[in-house]
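Structure in structure tokens, see below.
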Amino acid sequence: MKKVEVIIESVYIKRLLKVFKKHKIGGYTVIKDVEGYGGHGFQTADDVSDVLSNILVFSVCKKELLENMKDDLKKFLETYGGKCIVSDATLL
Amino acid sequence: MNIDIILQNMLNPPVLFFFLGMLAIFLKSDLTIPQPLPKLFSLYLLIAIGLHGGHELSQSGVSTYIFKALLIAVVMSMLVPVYSFFILRMKIDVYNAIAIAATFGSISAVTFITGITYLDTIGVAHGGFMVASMALMESPAIVIGLVFAALFAKSADAEDENTSIKEILREAFLNPSVFLLIGALAIGILTGDKGWHSMEPLFGTLFKGMLAFFLLDMGLVAARKIHELKKVGMFLIGFALVMPMVNASVAVAVAYFFGIEKGDAFLLALLSASASYIAVPAAMRLSVPEANPGIYLPLSLAVTFPFNISLGIPLYYYMITTFWG
Amino acid sequence: MNIDIILQNMLNPPVLFFFLGMLAIFLKSDLTIPQPLPKLFSLYLLIAIGLHGGHELSQSGVSTYIFKALLIAVVMSMLVPVYSFFILRMKIDVYNAIAIAATFGSISAVTFITGITYLDTIGVAHGGFMVASMALMESPAIVIGLVFAALFAKSADAEDENTSIKEILREAFLNPSVFLLIGALAIGILTGDKGWHSMEPLFGTLFKGMLAFFLLDMGLVAARKIHELKKVGMFLIGFALVMPMVNASVAVAVAYFFGIEKGDAFLLALLSASASYIAVPAAMRLSVPEANPGIYLPLSLAVTFPFNISLGIPLYYYMITTFWG
Amino acid sequence: MKKVEVIIESVYIKRLLKVFKKHKIGGYTVIKDVEGYGGHGFQTADDVSDVLSNILVFSVCKKELLENMKDDLKKFLETYGGKCIVSDATLL
Amino acid sequence: MNIDIILQNMLNPPVLFFFLGMLAIFLKSDLTIPQPLPKLFSLYLLIAIGLHGGHELSQSGVSTYIFKALLIAVVMSMLVPVYSFFILRMKIDVYNAIAIAATFGSISAVTFITGITYLDTIGVAHGGFMVASMALMESPAIVIGLVFAALFAKSADAEDENTSIKEILREAFLNPSVFLLIGALAIGILTGDKGWHSMEPLFGTLFKGMLAFFLLDMGLVAARKIHELKKVGMFLIGFALVMPMVNASVAVAVAYFFGIEKGDAFLLALLSASASYIAVPAAMRLSVPEANPGIYLPLSLAVTFPFNISLGIPLYYYMITTFWG
Amino acid sequence: MKKVEVIIESVYIKRLLKVFKKHKIGGYTVIKDVEGYGGHGFQTADDVSDVLSNILVFSVCKKELLENMKDDLKKFLETYGGKCIVSDATLL
């Protein structure tokens, strides 16, 4: 199976979960208020406005599910920024 | 306009705490106020403003005068984003123009209450109903931004437009700030004197202290954003300094024309001059993801906000005194 | 019972903030009060209740009357989970029956203080020692749940029973809510007038405001849980609405029989009617993991709690007035 | 070596750490207040009661340690719910 | 010295809440006060102390007497870490000796305000400028630790010394505690009576309640650290108990010699006796990573702090009364 | 590519990021206030002083970047404590 980790700006979390839902992702975990640095500069979580805080969502799913979802995820990241990390993993 | 009138505003603990926060960043102190503490302060301030305004409205009722003042507020909040947009388009792309116009069209609650603190300090009366004006001025700019996006920009979200429009209108009228403010306002109106009496110890008496706490954090955030201004360019920094004065002037003129009283006119000017840094940026991030929050947030937080609470407030008050005497 | 008595309860800011929280969820506003802010409020409320009650106990001392009231409290908190369990077993499995019975056998501190706010509003006296009653009513239901689990259910934890029983008794008598409440009560008693004088500005004067803040969050949480009720079924929803009234009636009868005074009787009824949503669910999750928290939490939070603080309070008070006049 | 990530309800953390201890897990990291969606529905961390908040614990350990612990972990997840994710990793 | 004087200190709600926190850990209750709530309390306390002291300074001005008291404070804060270091070196390695010496050379703001609470309880006057003494006593020990590290220890960081020294001096004089305290002090001085009037409801009236809240958390933390003391050894535990008394005695003698008044002398003694558990440990972690925080933190938090706020305060006051009468 | 996860005491975060910068790490994510157990005993985040809280930083980077950084990271961990976990991953 594959572990997919997505790091995006918090405001977009609902939209990302829509993508997950569309592709029938059966489970995921969310870590709020992470911070980071990337193509969009620094993202600090201790902000007055929530706009610049990041959120990390990960899901372990079947390879095929990820394959199906790949294009939508890529498009998502192009539109909204963020990063997606893929690795091998299994559920016990 | 002399230095005294500026000092009277600056030598308030809340304003000084803002600059203390900025200083912490400039000196690279590690001072931070981690989430969700800033959230606690902003929830507190919104509830406090709402309850207090609601209580005052419950005492005063709604007169034609109040209605007039509310109307001016709404008109200003629709006017400002429109002319701002066309001014911005002369120099920058459509996405960022929309986002900045909406940001400056809406208001900053903390600027508003710093203004009220100022009026209280110098002993100038103002209507409690002005909280309602503030509430009314939050959302129109978001809707106008949305309309401009539909008219002038091809957004990446174009496909699932239906869901988006619903989501964005919700963002405009039901975003946490607007919702909580109006909700507390309604509770203040409904429960009147008795309600306010039970809420006052927390939401009235402690207000200035909590404002100081929140402004300390705002200072940290604003100063951290200042170094992002390099990438923003002189045109936009100029915009963020000059536009508040223009907006305030327009508001002063309109208020004078319609016979608004001194204190209320000042607050209308200040509201028009202020820019949003919570509700609108969040809405713009959702509706115009192409716009760069690294531009509109620093402009609002690191230029307009500090300007308004330090020099803007005495300046707009000075304008007022030249008209009203 | 007329509409006035209901409105007197509802038109209190704290109760209105509860409904504002619910409204936020129904309108899909993004309003949230992130952890650990709710934790701050609940720590505050527990300390405040404890100190206040302790102070009043230090003034009144312990009479036979007080002893009687405390005894009724304990008896009610052992009676309710027992008969609830057998009623529940008629329809549902043993694990969930245990968890729900324990949940409804224990009490809700926030319901209690909303009731006190109500008594204060309508000017009915009540004893400070009732806080001690509340403290005594928290734990017995957990122990009874534990006994029932041992008698009627084969839990997955059966093997490491020893560690579990210790852990669960700790959960019953030393869970954070009970511990803090009793600790603050003891400090209130020990430090008497002088202590209360120094603590009152924070833990007395601000109380209703903090309650309003906390109830806003409770409204959010309760409303979020409402859509989980679909899966719960009509029997249990009915249980969560009817059982509080039954429990309150029993408590009223017992209190009347033993000559408890009006205000105290009302609070005993309200405590018996209320259900736990912090201490007991946590204990049940540990001791009966087979029970579904998606059932007992929504019942307590989204049915019984809103019912009690809106209609239950005036209803139980109405019962009281028909007996005591 | 193996990275074992366990996501469970916060109330069970002490019990999970007992399992870790029993199997001589020499180190682990805990991330509190994560949220998630899975077989047990939504778990949101901003709750009044702590019952519905999740916690993520991970440990990097030798393959053999994991093999020994596997059955206990599985039994744990069956009793208390939660998910366990296994992947390859090394300690620098 | 009789038991009364001890009870007068112990039967204060804040001190009792400290022991309640300890009790929670000993009884294995799950009570926790999650971050950032402790941060909120400590930010609050620092601002409150600063504003209050600043206000009093703005009223009193700076006399030679005040100057003398400030000087003694600085001298004590440089003396203590030096002799502590050489005493510690008799038994332990250089890294840990540096870190412990610096920890005990600096001060604990919460110990200080518990001492002020005590003075207020027993009605002994003390100067508001003592807050300035406290602020001045925070940093020197860090600098001395740094100098000792350069002289006596070869640190792993030796290579990038330049960046480190800058970083550590910043840590000494601009760490959040020092910065916020001095900042609030300055604001208190600048805004005088008017400023304090607006800040007092939050930062004055609520002070003891917030202190109680914070001490509850300190009790939890201190008790959790107690079991780490096993590894620390009797020499260091003895050091953490005896050294505060030695430091207090030295301070009392110096203060007496220079004609400092009773209340101020007591506070100087208490400050000298107290050890840091926030600013200095953080600075030492950065500058002497070889030292073990599992030693200097438990000593400061789990030995010296509880000793000072329970027995130390009445003991030092007893010393004072034998000199001053 | 490689995923590098570093768990260190919060006070050292700036120094770690300096190491990252030196080796031109182009992006990373930070999770604050994690807790853990390891060679240095328990690290609990709900402390009064921040000294004993942990922080987790991870970055997905090219294998070669990691190779270059390895020695500096090892030295870092020797000086300041902490753990570094390496695994395979790709960026979508």
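Just so it is clear, A, B, C, D, E and F label the chains in written order, and each chain counts residues from 1 on its own.
Here, a residue touches a chain if its C-beta (ideal position, glycine included) is under 8 Å from a C-beta of that chain, and two chains touch if they have at least 3 such contacts.
Remember, predicted model here, so these are calculated numbers, not experimental data.
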| item | value |
| --- | --- |
| Chain labels contacting chain C and also chain F | D, E |
| Distance between the centres, which are taken as Cα means, of chain F and chain B, whole angstrom | 40 |
| Distance between chain centroids, defined by C-alpha means - chain A, chain E (Å) | 45 |
| Residues within chain C bordering two or more other chains | 32-36, 40, 206 |
| Per-residue overlap in chain A, given as positions that touch at least 2 other chains | 31-33, 45, 87-88 |
| Those chain pairs that satisfy the touch definition | A-B, A-D, A-F, B-C, B-E, C-D, C-E, D-F, E-F |
| Sites on chain B touched by chain A in the complex | 32-35, 38, 42, 156-157, 217-218, 221, 224, 228, 277-278, 281-282, 285-286, 289, 293-294, 297, 301 |
| Interface residues, chain F side, partner chain A - complex | 3, 26-32, 60, 87-92 |
| Residues of chain B that touch chain E when the two form their complex | 11-13, 16-17, 20, 23-24, 27-37, 40, 205-206, 208-210, 212-213, 216 |
| In the complex, chain C residues that touch chain E | 35-36, 39-40, 43-44, 47, 51, 170, 174-176, 179-180, 183-184, 187, 190-191, 195, 198-199, 201-203, 206 |
| Sites on chain F touched by chain D in the complex | 4, 7, 31, 33-39, 45, 54, 56, 70, 73-74, 77, 83-88 |
